[in-house]
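These notes are about the structure you will find just below.
Each chain gets a letter, A, B and C, in the order it is written, and its residues are counted from 1.
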Amino acid sequence: MTPADHAARYPEVWRKFSPRQTVVRYIWFAGIVFVAAWSLRHLEIPWEYFLDAHEQVADLVVRMYPPAWDHFGQILDPLLETIHIATLGTIVTFGISLPIAIISARNTTPNVVTWFIGRFILVASRSINTVVWALIFVAIFGPGPMAGIWAVAFRSIGFMGKLIAEAIEEVDAGAVEAIEATGASRLQVLMIGVLPQVLPVIYGTTVYRWDINIRESTVLGFVGAGGIGIQLYSSINQFQWDEVSVMLLSVFGVVVVSEWISATVREKIT
Amino acid sequence: MTDTATATPTPTRWKPPSMIERPAVRYALWAVAAAYLVWSMGALEVDWGRVAQGFPRAGNMVARMFPPDFSRWDLLVRGVVESVEMAFAASFIGMVLAVPLGLCAAGNIMPRPVYLVARTLIVLSRTFHEVILAILFVKIVGFGPLAGLLTLVVASVSFISKMIAEDIENMNMGQVEAVRATGASFAKVLVYAIQPQVLPRYLGVCIYRLDANIRHSTVVGIVGAGGIGMTLSATFKRYDYDFSMAILLTIIGLVFIGEFFSNWVRGKLR
Amino acid sequence: MLEITGLEKQYPNGFRALHGIDLRVDEPQVIAVIGSSGAGKSTLIRCINRLVEPTAGSVRLNGLEITRLGRGDLRRARRMMGMIFQEYNLVERLTVMENVLSGRLGYVGFWRAFRRAYPPDDVRAAFELLERVGLGGRHNTRADALSGGQRQRVGIARALMQAPDLLLVDEPTASLDPKTSRQIMRLICELAHERGTPALVNIHDVALAQNSADRIVGLRDGDLVFDGGPADLTGDALNEIYGEEDWSATIRSDEDDEDGAAPPPPPQASAGALGK
């Protein structure tokens, strides 16, 4: 072995990355930091507001304590309404999302046009936040829980439709082929060959989305679409912080319980 | 086998076994579901007269949305840029701050009290919807992008740190023990045994969070926390539906790009 | 019964799987289709019920030209052809009974299928078939709880539920162990003969094919290179189908198998022993 070979095989300095890799990595790091710093700078944030933030927080906490528990009687109905909005919205979605998932899945869509329409519905539904959907439906149905239900449903279609469509694209193609070979119609192939295979996914995502929707419907009232958000918003604007803390604690309780229910149910059905 | 087959005539009726075996339980569940539907629909305070007007209103609104009005593009661009900047900056700050919190929330490497405090922080900030956080921050630091930035930072930190903590708890402890057995300090264990196992997923989660932040940055403005949401909610108040449509289309496009980018990067990381 | 002329298939990627196959089946017999992987066996079978669209040629079943049928007519034609698959292709999350009854889908409407309300005659036929394939009493078991051999029995029952004029069988035993393979193959042949239904069976196992089929067809690179009785399948013929190889061991093992398979296996003896 020549000294050169030896040096090549047993270098004195061992590095995990080659010089080229190192440079590329540093460029990535620098790029990320630069983008973040530039964004922050360009936002022109008045940092002096930030200076007394700790005082403001302390002030808030002091005013929130003790919570005005006698107020709880008045928020019970809005709290139930929040849950109803989430549940009814999820039920509506449960009905709508399957057909949309079917036209959005490459293996079940009738043609390219329907596939494109399905995909567009999914993207549009998911891009627009529940609160923005609520703005739209408040303009249509007027303020109230009806707007909230449709807002929740329209946002959830994209979420559930996407997950169900992915499940449909992954079904066992052999079973579908076998059902086709019996001379079954297209609808029958969907019902017997595809649907049973994706049913667990449909149930699972429905329960999962229900628990997300509970969380979402707590803020629908900010734009007038019903639920606890209406009272929360007005209490905050009237600086009734002791009432706000009661509502925040109740929301916390409801969200934690619904998350637990959803996790338990999903564990049972899968 | 053949005896029983000849003794009893072959049945001509068959019903698939139900998911819930006992009929009493099955009917009880249906009854409960029906009762809930009746109760929740009755409990909602829906102004049916107003809802009935909704359908002509929806038609009217859609008519006014088209064609979308992009003429005030300067306002649109300013809002969108602010949203995106908030998302970038918040994702970066979030991914940095999430590391210590995530480590603290990993039960298998941290002492119990630290773990409990970190977990409580994560649960607290995860429960509340971004819009609730946003309005609290608006009250603390005033209107503008700073409140939105802080909201997204809190949401990102809790999300990313929860993922980090779960990854660390699920990682292979054998590798940690092996490195510890060499006499390495905690910091060295971190770098040699934990970081290599967790890093790829961590980067994936950060990119996913950037995508989520872009989506959320479009709504925090509705309560005054900066970004395009502020402009959007103003257009709804002024019935400027053609401009609303322009903003909504821009948001859909933006989210689509964000999702595409996020999927692309996560594909590369794998 | 079945008449295939000049059947060709070229896949979109340019691969020509079949170049002009001619095949006539005039009597109810079990025809084994042999050939190495990629010779076009699966394509041939799938071109007959058009799960794969042939690019040229004609397929006639009882005088009906299959290749030119529209969607609805094709569905009706498919009801005449039962298919059995290598990977069983059951809907795993449905019960055995639902899988067997799915063979009648071509005959019932959407709502009947949705409510699982099949006509009484279909239900009776399904129970009888399950008994016949050795799965009596298992009708409410979910398909994913069955073993490979049992699943293939369900697959056979599903195909026969169609009361088909032709059975298309694609590698029925390739996913099974040797013993189960022989049992399944024997079951398919028995049922085909019982019902007077011709069966086209793709099969890898030359010995098994020679042993159970009435007629053997050999494919090589998309061409039909052998068509004859099991006895005509000599080493030379196998060379023609598969390429040069020493076949004496295969042909001999075939004779060994015949000894093992012909008399019923000894379970009765052991059952008798247990009885005492």
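Annotations for the structure displayed:
We adopt the following convention: contacts are C-beta pairs under 8 Å (C-beta built on N, C-alpha and C of every residue); 3 or more make two chains touch, one makes a residue touch a chain.
The structure presented is a predicted model; accordingly, all values stated were derived computationally and were not measured.
Taken together, the touching pairs cover every possible pairing of the chains.
Pairwise, the chains sharing the most contacting C-beta pairs are A-B. Taking each chain's centre as the mean of its CA atoms, C is the chain most distant from chain B. Centre-to-centre separation of chain A and chain C, using mean CA positions: 48 Å. Chain A and chain B have Cα centroids separated by 4 Å. Once the centre of each chain is set as its mean CA position, chain B and chain C turn out to be 50 Å apart. Those residues of chain C in touch with two or more other chains are numbered 98. In chain A, no residue touches two or more other chains.
If you check the complex, the residues on chain B that touch chain A are 36, 40-41, 43-47, 50-51, 53-54, 57-58, 61, 81-82, 84-86, 88-89, 91-93, 123-124, 127-129, 131-132, 135-136, 139-142, 144-146, 149, 215-216, 218-219, 222-223, 226, 229, 232-233, 236, 239, 241, 248, 251-252, 254-256.
Within the complex, the chain B residues that touch chain C are 1, 5, 10-17. By the touch criterion given at the top, residues 32-33, 35-36, 39-40, 42-47, 49-50, 53, 56-57, 60, 77, 80-81, 84-85, 87-88, 123-124, 126-129, 131-132, 135-136, 138-142, 144-146, 215-216, 218-219, 222-223, 226, 232-233, 236, 248, 251-252, 255-256 of chain A touch chain B in their complex. The touching residues of chain A, when paired with chain C in their complex, are 172, 174-175, 177-185, 187-188, 191-193, 196-197, 199-200. By the touch criterion given at the top, residues 95, 97-98, 101, 116, 118, 120-121, 123-124, 126-128, 131, 136, 139-140 of chain C touch chain B in their complex.
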